[in-house]
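What follows is chain A paired twice: with chain B in the first complex and chain C in the second.
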Partner chain A sequence: MPIGDLRQLLADQSLTFLAGIPYVYHCHHYNLFHDQTIDDALGEAEGARVRTTAAHNAFRELLGAVFAAAGATTPAERISLATEVFSWMGQGRMSLDITAAGGRARSPSLHYGFAWREKYGARVKRDEPTDAVAAGFAAATTELAFDLAADAVTAVEQRCLATRDPECEFTLTPGNGHLSRPAIDQATVVRYVASPVRGVDEDRIAAIAAGLLEFMRGVQGDERGLVAAFNVFVTAHLPAYYNETVYEAIHHIERTAAGGVPAAEALMREAGQVCVFNTFGNVLLSPEWEGLVGAPTGVATDVMSFSTAIARGLGFGHWLVNEYEPRKRLVLQATSNYEVPFYRARYGVAKKPRSYFVQGAALAMMLLAETVQWTERPQLTNAYYIELFRGKPRYRVEQTRCMMRGDTTSEYVVDAL
Partner chain B sequence: MPAMPAPTATPAPVSLALTREVSCIRSLAWRTDLPAATDWRALGAALEARGLVRRPPVGAMLRFASAAGDELAAIPATGRIQLRVHYTVPEHERRFAAERLFQLLVHALLRP
Partner chain C sequence: MDRYIEQAVAEIPQLIGIFVTAMPDSLLFSSWVRDGTSWSAEDVAAYFGDLVRANREGLKALGSWSSEMQVTIESAESLVVLRELSSDFVAGCVFERSAPLGMVRLHLKRLLERVSHVLPKIQAEDRPRGLRIMEFLDRYAPDPHAVTLRVSLRAGISLDELRMPASLTADQVQRLEDTACKILGVKQLSL
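On to the complex of A and B.
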């Protein structure tokens, strides 16, 4: 069964699923920044542990569902299908040499290691491996291939492209085992979405988002399991990974160092900014976008509509512009996003707004619409990012409604300072 | 970056410049712009005759790929051409790979 046949689309909520498990698209800039954010919040060792555990859990959910949907029952079938899924997602191509007792895994082309080396390798020396996602994947694959309990296997990356090794290598050894939790699947997700609402410029946004969703259907890993598109490396990724890392990190800080919570929340918000600046920005400047929609106009209302459409096209949920007054105010709403179902299913009702990713994204959409000179072929460099986001603040964002808190919708208000 | 004269449908030659494209991946994407009057059908055929393989279009974007995995994307409505060097090419060789693709484009324009 082709992996693409396992996809489902909840069209009116712009949510995408693989074998019933949510997935979204994120680029290497966001992925690397997200992981760095978790390490900054928790420290390198604890950050790596939380990231590996989250990937392990997320891939157990995905691969369990994929194996069931595809009728894969033998270890060989499951190992083969798992590596194909991983490659299809743009996460890289892995070779697994495993038994029920563990084994080894290796890859010359993992998304995180390869992209880190591309982005930072010439300037930064790294000592720690980058591929917690692949480690979690390898552990989950081994367990499910041999019908082992959750966390029966532990994976550790021993060599990494990012630390200048020729390829990434992992060892898989027996773990301690723990109870697995129910998967956050499509049935769970639909319990935590609101009826879709039409926003400003709705028809155009919906049409562009539909075109982008269709384009993304054709995006999949190449022979190395990587996706180079929109001038970035793209992955189909699991919201469960992003969410577990973010909320476990935040909850840990709330328990152990409450004074650090605002700084940690600001870090999580910044990951949303990084995504919009790099992913949305590169999409808008790409020839693919020019072919699908047209060349950038530089009109602020266009950029706002286009950004909203991109969010939907990447499977981020039904974002809509409720109100937009250039240079003054943006009211962005969402009747669904990929953060809410995870939080509600795992932790219950939140006491305060916690949709950090969209908070940061809303602020960045305002800046992209107002500040970037799109018709002048801007270079979306790190220096430009710092100039836009770390200079004198021009806007502030407040999440005024949050479905994690039990509100009927989520709302993010960006005001000029 | 190199600039080469290339004929168009109009009698006066135009100058094509190869510049680094807006991109976050180092030196992988390069850009040149062709006149709107370019005969895109003839150019596509000439690129195929020189070994590029036509890929399915993305909306109005035409795509061609080389055997090495490099790509040429073209937007006829705006004249934008993006040359994409494959990411496995070492960074110090990417500019030269882009220039080879650029040369192939110019030759296709000269002898469609």
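On to the complex of A and C.
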């Protein structure tokens, strides 16, 4: 069965699923910044542990569902299918040499290690491996291939492209085992979405989002298991990974070093900015976008509508523009996003708004709509990012409603300062 | 100073740019770059200042350093010459690659004599280490837009305190330095 056939779409909420497990698209700029923030919050050792555990849990959910849907029953069948899925997602191509007792895994091209070396390798010498996601994947695959309990296997990356090794290598050894938690699947997700609402320019946004969703159906890993598209490396990724790492990290900071919460939350918002600038921006400048929508107009209201459509097209949920007054105010709402179901199912009702990613994204959408000269087709470089987002802030964002907190919808208000 | 440099370079058609950096912090002091050049002096000055510093320390370790030291880099596109003007200033001159080396040396001698003549005498300021570390991070950290937040989180120093790095305590400066080394992937900072 082709992997693409396992995809499902909750169309009115712009949420995407693979074998019933949510997935979204994020680029390497966001992925690297996200992981860096987790390590900033927790330190390298604990950060790597939390990231590996989250990936392990997320891939157990996904692969378990994929194996069931595809009817894969033997170890060889499951290992083959798992590596195919991983590569299809743009996470890299892995070779697994494993038994029920563990084994080894390796890859010359993992998304995180490869992209880290591309982006930072010339500037920073790194000592720690980057590929917690691949480690979690390898452990989950081994367990599920041999019908082992959750966390029966532990994976540790011993060599990494990011630390200048020629390829990434992992050892898989028996773990301690722990109780698995219920998967955050489509049935769970639909409990935490609100009825979709029409926003400003709704018909155009919905049409473009549908076109982009269709386009993304053709996106899959190349011979390296990587997806190079829109001038970035793209991954189909598991919200469970992002959510578990973010919320475990922020809860840890709140418990142990409350003074660090503002910086941690600001970095998590910054990750949203990084995503919108790099992914949304490069999508807007791509030939594929021009084919789908037309050449950039540079009109702020267009950019705002297009950005909202891109969010939907990447599976981020039903974002909508409730109000937009260029250079003054944006009220972005969402009746669903990929953070809410995880938080509510795993932690219950939040005491305060916690959609950090969308908070940062809303702020960035405001800046992109009004500052970037789209018709001049600028290069979206790191230097340009710094120019846009550094210095005296021009806008502030406040999340005024949050479905994690029990509100009926989520709302993000960006005001000019 | 910038205007003076503009006058001094007017007779050197193969000169692409000149930048004068103040040591020891490699901060750009003055510069001129030919119209239509894709890079800016701000982008490159700090790197070459550090190169001169590393060169100076390396030569000292070899016991062969002298104040007349000059670094010449011949790349595919350009010819770069770095020269210590004094203990306080370093000049970097970028020429077209086709410029004959003999002419470059001749122009350089005349140009740097004129530039040296108008450089001020600097009383080295003992600037707080916390401030210098933050400036260093600002120049070299991979995500400079986020570096203050990252340092705050990693070092356990509040954002308000980091906005006044000159006022950090000795313990905070040490944590700041350890964090900077971690972020930059180096064992020590060459400040």
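Here is the rule we use: the second predicted complex is superposed on the first by the 417 of 417 C-alpha atoms of A that agree within 3 Å, B and C clash if a C-alpha of one lies under 4 Å from a C-alpha of the other, contacts with A are read in each partner's own complex, and residues count from 1 in each chain.
Criterion: a residue touches a chain if its C-beta (ideal position, glycine included) is under 8 Å from a C-beta of that chain, and two chains touch if they have at least 3 such contacts.
Nothing here was measured: the structure is a model prediction, and the numbers come from that model.
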| item | value |
| --- | --- |
| Fit or clash - chain C, chain B, common chain A | fit |
| Angle at chain A between chain B and chain C, C-alpha centres, nearest 10 degrees | 70 |
| Partner chain(s) touched by A:E270 [first = chain B, second = chain C, both, neither] | second |
| Partner chain in contact with A:G211 - chain B first, chain C second, else both or neither | first |
| Partner chain(s) touched by A:Y120 [first = chain B, second = chain C, both, neither] | second |
| Which superposed partner A:G291 touches (first chain B, second chain C, both, neither) | first |
| After fitting on chain A: smallest Cα gap, chain B-chain C, Å | 12 |
| Touching both chain C and chain B, counted on chain A across the two superposed complexes | 119 |
| Chain B to chain A touching residues, read off their complex | 21-26, 28-29, 56-61, 73-75, 77-78, 80, 82, 84, 87-88, 91 |
| Partner chain C, residues of chain A touching it in the complex | 33, 36, 40-41, 43, 119-120, 123-127, 253, 257, 259-260, 262-264, 266-267, 270, 382, 385-386, 389-390 |
| Contacting residues of chain A [partner chain B, same complex] | 29, 114, 118-119, 122, 211, 215, 218, 224, 226, 228, 231-233, 278, 282, 285, 287-288, 290-295, 377-381 |
| Complex interface listing, chain C residues touching chain A | 140, 142-146, 149-150, 152-154, 156, 158-159, 183-186 |
